């Protein structure tokens, strides 16, 4: 039964990768990457049970945490173009340029 | 080499393909950031080579659970934990160098940097433009 | 008897969760526009994940593993909606227009996808 | 109590000093700490050498775990000698570095410079002393990472140091990864990482294809680190654009540690009777060494910047060491080991001279050294003596290593090689003469206000020059150690 | 079933590697390299290398993606089309690959229990760990005690990287002037609230991983990365300056050095009991207790140094003011 869930998750991950590859706009790609990450968390959890060693869940928890940080870093990267303190007017000019 | 035999090595062959892809990216691409990503792939696939040599079919992770079980070999895991740290250290240093090169040359393409160096060299034989 | 019941319940949860994740992934691919894709991504993150995790909790019974599963569930409960919100907010602020905007846009060009928002 | 822990103290003392020097805010304090620590590690290496000459070899079990299970330090004549070279040069460079670094590196980086310097020293010492293959890789990486940072610090004066450091990083990491692949394959076939244990278990795997490929990868990986002829592209730029004190330290020690590692793996791990060893020596190492000697020396002749010229001459000198190795005879190996020491002295002194010129003139090129013979008499005199030693004139160390090399060539019956060795020394005459001619026979530009280098730089230079001459005249001690090491590596009776 | 997942993940990896090779937008290259290290972490879990998968996920998907993103923010976003001929690299790579495949012919088959690797040194670790060190996680036992000096080398490597990044980038860090008072993400109320809620559990999770390393997957290095991840997310959302108040650059530099000193200090202590370096058996009442204390201390040193290096590297990268104008962007 775990195998069925694992395969379903693998298929879902492939579909997410399709969107990651095809996604016209950048934000589609970020969304696909984020959902790919969440599915991997579930895959690692299910694989832990599949191999009968459920104490691998730390990795799943770690990955859920990192997936969140990665997404936030990507968004800040595009919004303010620097992961440090960005000056407000620089960000404003970028929106004008990004939306033409 | 009947199929069962070849199948046993299939794992290593794919790891070798990964290694060569990483090496190819490093050797052929001119972009400095791309080279570092290639280096990362090359090193990660070497880690996979080490770990797949330590795996025992039917064995579990080398964490004692009281029950007598077949364990996979713990030694490659220890070596690779150190090698991962070496990999991330090299990546951090390489990226810091890329940022400094961008500040100095205003480009991160190897060909442009070489052009700038040659231009600076035969312009006049001064020791090199200040950054 | 109880064990059989719990076993069956966890299978149903697992299968339901797997089905929902698949539906979400399919929706992510088939949906025409970015904003409509937010919904299926939400399905997999929230409901799909919860069903699978509860299925695993039932399998694991009362132990440290269940605590970890609960932690993962709580963590996903907090981070998934936030990150989906952050992505949607970033897209909107960057000026990515929904495909069929309420305001009548200039003559809707042929079925070109939403413009490249780079 | 202390003498029992000498092997580990050799590495731990600089290793603990590095974080301590990171605490110092001012460069002076960090410099003083590094000087004391280098002197202590030099003393430890001498004590180790004496102890090893008496007892044969020392084995130190880390964490008191038995050899193949824990990590073991095996110190014998060869690596005790190389340890002494590395810590000796490290101690000689520090008083020199004080003023040279102050002039070439941005002020805010000077305190941390000494931390990176100590880490590089730790890496080199740890790499040479260890008896465990993977531990050698870890300390190889410590020394490489700190070397990349030290080379990049040259950006204070010339931005090309950054691209040189980047190329060095990419090629160095590829070399180190090849080395790890080699160790992985050998570990896969034997199950152990301890070098002595590896040697024992490799005996039975004579014609195993995996061990053969492992041998190829280890040799290529260390060859890259060693700047063996076709893989030397990173060396000239790295040595030319690094700060002068860093070039002095690297030219005299970094490639030596890599040569030692190659010796250790070829002769101790794979053993002299490994069937492929003879083939690789005659068909790969000898031609590459000859190519290195001739091609690098000819390129050196046409260089404008003196540092890059000496860097190419280093590539040629490494060709000599590899040539000595390829004779597979006791005299050949003695030539290689003794040339490790002699080359460190020669190149250390020559690069120190160039550092003094850079301090006074801003750059060391053929038009900035015009007429320096009169302006900086002591410095240029040191250059002349070092140049003579580079050529191999009698009464200098260069002559001793050339002597052993020619003897090994004649002994192996291939006398044309002896002729080629002497011919390549003539190439060295040309580029040394170009510098001497520019310095002494040409008139200094009217406005040149070059003055003699400061005492703190002249004294270390002249100490190395004096050692150049002393060990040239009385080569008894060094040749005794080198031949003992050669016999040990070849497993010939002592 | 096992080998099906194995094969699927390996093919996944090869596909991602080829995609990275072909993509020219550097942003998608960075994201794909995050996916690459994530899938390799999943494969490592499948190959029973739990600690390694933990570290690879923490490093590959977490730290290196954030570092690469901050590098991209400071440099360019597109890779210039290659002008150089692809012939020589192809030949070199093909020959190396061929040599490696030739090398695999005599290798023991994948997962073969009678391979020499499982006969010589490893069996002792598996059998002796229970009574010599008394710790379920054999990998941590071997990492910290049997081959403890390798891990000291590892800590020194990460310390060297921290010092090198400081040497390279400390000069051009932009002092937070008043102009940047408007920290980023000012009006992202949802993000700020959620991050405040999450920082606590993340740090708690880091400490759990640090001290749970003896019993399950985890240990100093992974804990250090998670600890740094908490501060990175705090700096991302609340701005570098507020994060600087919480963990100032000077304190990070001291922690950087302190971790290495703790590790080597634990080793030096055994000199006074006339034992070899890094011999923990003298630290406790019995040899086994000593090993426990030694390993916990050593892992603590690793965790401190790794966390300090990751935070100081992030501060160095994020603190740079982007030199390129907006038009190039």
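Just so it is clear, A, B, C, D and E label the chains in written order, and each chain counts residues from 1 on its own.
Assume a residue touches a chain if its C-beta (ideal position, glycine included) is under 8 Å from a C-beta of that chain, and two chains touch if they have at least 3 such contacts.
Quantities reported herein were computed from a predicted structural model and do not represent experimental measurements.
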{"item": "Both-way neighbours, i.e. chains that touch chain D and touch chain A", "value": "B, E"}
{"item": "Chain whose average C-alpha position is farthest from chain D's own", "value": "C"}
{"item": "Most heavily contacting chain pair (counted by C-beta pairs in contact)", "value": "B-E"}
{"item": "Chain C and chain D: spacing of chain centres that average the CA atoms, whole Å", "value": "59"}
{"item": "Between chain C and chain B, distance of the C-alpha-averaged centres to the nearest whole Å", "value": "34"}
{"item": "Distance from the mean Cα position of chain E to that of chain A, given in whole angstrom", "value": "19"}
{"item": "Chain A and chain B, separation of their C-alpha mean positions in angstrom", "value": "23"}
{"item": "Residues within chain C bordering two or more other chains", "value": "71, 75, 79, 82, 86"}
{"item": "Multi-partner residues of chain E (each touching 2 or more other chains)", "value": "50, 72, 74, 100, 104-105, 107-108, 115, 117-118, 121-122, 125, 147, 150, 153-154, 157, 160-161, 164, 168, 191, 198, 205, 216-217, 317, 320"}
{"item": "Chain D: positions in contact with at least two other chains", "value": "134, 138, 141, 145, 148-149, 152, 181, 187-188, 193"}
{"item": "In contact (per the touch rule at the top): chain pairs", "value": "A-B, A-C, A-E, B-D, B-E, C-E, D-E"}
{"item": "Complex contact set, residues of chain E against chain A", "value": "1, 5, 8, 19, 27-28, 31, 34-35, 38, 41-42, 45-46, 50, 53-54, 57-58, 61-62, 65-66, 69-70, 72-74, 174, 176, 179-180, 182-186, 191, 198, 202, 205, 209, 212, 216-218, 222, 226, 229, 232-233, 235-237, 239-241, 314, 317-322, 326, 329"}
{"item": "Parts of chain A lying in touch with chain C, wherever the complex brings them together", "value": "1-2, 4-5, 8-9, 11-13, 15-16, 18-19, 22, 24-28, 30-32, 34-35, 38-39, 41-42, 45-46, 49, 54-55, 57-58, 60-61, 64-65, 67-68, 71-72, 75, 78-79, 95, 98-99"}
{"item": "Touching residues (chain side chain D, partner chain B) in the complex", "value": "134, 138, 141, 145, 148-149, 152, 155, 157-160, 162-163, 165-166, 169-170, 173-174, 176-177, 180-181, 184, 187-188, 193, 241, 304-305, 362-363, 365, 367"}
{"item": "Chain C partner contacts - residues on chain E that touch it in the complex", "value": "188, 190-191, 194, 197-198, 201, 205"}
{"item": "Complex interface listing, chain E residues touching chain B", "value": "2-3, 6-7, 10-11, 13-14, 17-18, 20-21, 26, 29-30, 33, 36-37, 40, 43-44, 47-52, 55-56, 59-60, 63-64, 67-68, 71-72, 74-76, 79-80, 82-84, 86, 89-90, 92-94, 96-97, 100-101, 104-105, 107-113, 115, 117-118, 121-122, 125-126, 129-130, 136-139, 142-143, 147, 150-151, 153-154, 157-158, 160-161, 164-165, 168-169, 172, 215-217, 219, 221, 306, 309, 313, 316-317, 320, 323-324"}
